[in-house]
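Encoded as structure tokens, the structure appears first; notes follow it.
Chains: A, B and C, in written order; residue numbering restarts at 1 for each.
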Amino acid sequence: MELVFNAIITIFQPINFSLTLLGVLIGTLFGAIPGLTATLAIALLSPLTFNMDPISSMLLLLGIYAGGMYGGSITAITIRAPGAPANAAVVDDGYALTLQGKGGVAIGISNVAGVVGGLFSCIAMIFLSPLLAKFALMFGPAEYFSVTLFGLTAVFAVSGKSFIKGVFSALLGLLLATVGYDPILPFSRFNFGIAPLSRGLSFLPAVIGMFAFAEVIRLVLEYKEEEQQMVKVDRVVPNLQEFKESFRFMIRGGIIGVLIGILPGAGGTIASYVSYGDVRRNARHPELVGKGSLEAIAGPESANNAVSGGAMIPMLTLGIPGDSVTAVLLGAMMIQGIQPGPLLFKQHLDVVYPIFAGMILSNVSLLFIGMLVVKPISRIALIKKPLLISFLMIFGVIGSFASSNSIFDVLVAICFGVLGFFMDRFDFPIAPTVLAMILGPLLENSLRQAMITSNGSPLIFFTKPISVVFLAIALITSLSMIYRERKQAKPLPSGF
Amino acid sequence: MKNLKKALVIILIFSLSLGLVACGSQPAQNNPPAQSGQSTAPAAPAYPTKPMEMIIVWSAGGGSDLAARLMGDYAAKELGQSFVYQNVTGANGAIGWDQAANSPADGYTVANLTFDVLTNQAMGQTPIKYEDFDLIMQFTTQPVGVFVPGDSPYQTLDELLAAAKEKPETLQMGTTPLGGFFHQASGLLEAAADGAKFKYLPFKGSAEIIAALSGKHVDAGIQTLTGMEQHVENGSIRVLAILANERSKMFPDTPTAKELGYDVAWESWRGFGVPKGTPEEVKTILEDAFKKAYDNPEFQQKATEAGLDLYYRGSADFKTMLDEQYPNVESVLRQLEFIK
Amino acid sequence: MKADLFAGISGLFLSIVVWLISASFPVFAVSKAGPAYYPRAIALIFGLACLGLIFQTLKKKEAGNPMTGYLWLRLAVIVGILIAYYFCIRSLGYFFSTFFAGIALAMYVFQKFTVRNLLLSTANAVIICVSIYFIFTILLKAPLPRGLLF
């Protein structure tokens, strides 16, 4: 108990408190600017924290983590360019709401959802860590394959008008993800002798291309001088009614986020899409999803913030990072001489409790800072279009370069920009490609590991209980989505 | 004009917030006097007169990256300049080393080298050789160990290898991608136990191997000792043997493979090099600075806290070690049928 | 619909190419399922999906978003600017290429060449350039692309 009080005193020390707030602010801003992400902010800032007190540096990085998952939704909603991949799921509904004049409320809901999801994941982390860590350890190759396949069924939720086009986009993404090194053998595939291609198409530049550059191209093509958009963000704080309506999905998103967070490799982007699929199936007004539903903002935005707490669980209890952000956090802890692992909770509660308290604090302060920055950041939509376009282009270029200091990645982003533009133009959904590019390597890796384990027999997927459960869920969700979509597509089919 | 002002406000907020960070985080306060590098003095090498660049081939925030930055920061203090760190990742390091080896040989580009440079060279998929670098120093060594899940039936290395001999290719051994460092170590072990054969389950990295061991998805795993202490102490993972010449400080009661009669010692390392052809005087300055930084007690303490296994080799010793190690890498890869 | 047909056919072509290229991938003694295993499986499914798409497109005729000649021209210009920016940044480095690309794109979108627009674009480019330089190079000590002109 004394440790809990000490932890609270520690985080409320002026330096720690202000670093947490600063972290949230930096995270939100990096998240909001298309091209820059929280992961980049953490990677760039963590060397500067070497000389800081361990707790202070963790609090700063945790703040960035919390802010970064939320910030991108502001630009996704106001200018249709998601600041980070994890916010891409809210683009359709968010921008539709902006056009209806309800952009402010959409951002407000996104903020509240982020806080609810984040706090939910903190509670899960504090009370269920050992249990959830055990659960994560039950996942072997076969289980990973099935759960990844389940993740891919989210494709059906984001396929837009035509399923076959959604499947086409997803498979294209899976195919593009095979470029570069084989996950288990020392051989580089489809590199056509181009050296930088041998490491594969990096995910971040691809996403920057498909979202930011494609948007740049679209804006240029559709620009008309007379039309000076009057996107006004008036009311940001959602009213009780709006909050009540979407609260259900904030909790559901929280659960999805925590569960996806504890499984290494997937992260916020997948969590938000899976939650979007959940909203699509279970929303009160399913017909509104994709056309401006607050529920469809609440779910994904809660899920991506909840990933943070989920991903912290294997990182703290096993020393295994769940996503790129926790990987950097793990490094930052190790350089401070704190080795996360099964004994951290037994030996270093003096470190663990301040981390818990810090995560709660950063989520709570996200509520205030998030609301505070909405107006200034959403003014981005008021910048004259030509200037905004060149702003997006430059940050896209710098962002794709900075993710791995490779000028080649800028070219990758440009190519994906053109691809993304054409896909969008001709109604091929982009989201399935993005999903598939994240899940592709996980799918291949787990498939081939499972095949090695079983000596090539696919029966392994049907003999492990967890694997069977996820395969069944995957089958049921995809069938139900297809069925619903059919019913909606043909309003009055004969015989029904 | 109004819009312009708004744009300014946004960017100002952004810049200001980052400015605050700089204040809060006390960056290394070694501001060099001034960057007066317009004319180079003819005789005595005026080096370094501007910030230097360090190419790190692993991603930011990972173990190798942190180790390189820590060493680099202390060396930079000795040099009176700073390093700009560039993480150029991909293709098992080949991309970054290619860029480093083709940088001007003026001492302003330093490459962080790791064991994988040897693997890449032996596999023949990259034109870069370790000989393309003039070596500066080695500063860590990472011995590997053989680990089993806590409740594994195998109590000793002998029992494990005997089982692998009895039922070849059924015991699952967790490694990182095939052909890499851990797989090579395991291949050497197979050869030493003549006739033992494992079934290899490759994982992305150490963290995944630890998870597979804790979750009993593999029968055994080869792993560096770094980061294993807690798992062993906790009882979820046991260590059977260390594949090194000497016992480790971390697990003093665990025998080495050599003690058990298997002549296998396989260690990974980290070091620094500069592009071949860098002037001797510049190299001497770098070597001295890195050596001094290595001997700095503050560095030693920080590195130990961060779990690094420090080990120093100067440029000559480092070169000798690599000259010895490289043929072994080739031969084990041949034995594992990766190269002919 | 023309676009769908085009996508279907080129997708089919792509899957065949992937299938053929993977035929030349090496086989490793240590693992039965080699580097070609998974790409081939995906290419096969992708090819089937493309056939499905082609079939569906031929069956149902729907009008899509057309691309007019004017749009193609604008597309060519913007992609041209992006590519030029890429090559400039490679050779000249971050500062000048970003500055000029920023102005060029903004001016192109403005369409009207007035002093006011030029001033706005220039100020915009300067602010963005300097703030990125400030954040990356000065605060975070992270590298930006470099070239002949610093």
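Observations on the structure shown:
Please note the rule applied: contacts are C-beta pairs under 8 Å (C-beta built on N, C-alpha and C of every residue); 3 or more make two chains touch, one makes a residue touch a chain.
Remember, it's a predicted structure, so these values are computed and weren't measured experimentally.
In summary, the chains found to touch both subunit A and subunit C are B. Counting C-beta pairs in contact across B-C and across A-B shows that the higher total falls to A-B. The distance from the centre of subunit A to the centre of subunit C, with each centre set as the mean of the Cα atoms, comes to 22 Å.
Subunit B and subunit C have CA centres that are 34 Å apart.
Centre-to-centre separation of subunit A and subunit B, using mean CA positions: 30 Å. Within subunit B, residues 7, 14, 18, 21-22, 27, 85-86, 178-179, 200, 338 each touch two or more of the remaining chains. Within subunit C, the positions touching two or more other chains are listed as 28, 30-31, 120, 124, 128, 140-143. In subunit A, the residues that touch at least two other chains are 44-45, 47-48, 182, 184-185, 187, 384, 387, 391, 405, 452. Contacts from subunit B toward subunit C in the complex involve residues 4, 7-8, 11, 14-15, 18-19, 21-22, 27, 53, 82, 84-86, 178-179, 200, 336-338. Residues 3, 6-7, 9-10, 13-14, 17-18, 20-22, 24-28, 59-63, 65-66, 69-70, 73, 85-92, 94-95, 98, 119, 123, 125, 172, 177-180, 199-204, 207-208, 210-212, 214-215, 217, 227, 229-231, 233-234, 236, 302, 305-307, 338 of subunit B touch subunit A in their complex. Against subunit A, the residues of subunit C that register as touching in their complex are 3-4, 7-8, 11, 14-15, 18, 21-22, 25-26, 28, 30-35, 37-39, 42-43, 45-46, 49-50, 52-53, 56, 64-65, 67, 71, 74-75, 78-79, 81-83, 85-86, 89-90, 94, 98, 101-103, 105-112, 117, 120-121, 124-125, 128-129, 132, 136, 140-145.
By the touch criterion stated above, subunit C contacts subunit B in their complex at residues 28-31, 120, 123-124, 127-128, 131, 134-135, 139-143.
If you check the complex, the residues on subunit A that touch subunit C are 44-45, 47-48, 162, 164-165, 167-168, 171-172, 174-175, 178, 182, 184-185, 187, 189-190, 213, 216-217, 219-221, 223, 225, 384-387, 389-391, 393-395, 397-398, 401-402, 405, 407, 410-411, 414, 417-418, 421-422, 425-428, 444, 447-448, 451-452, 456.
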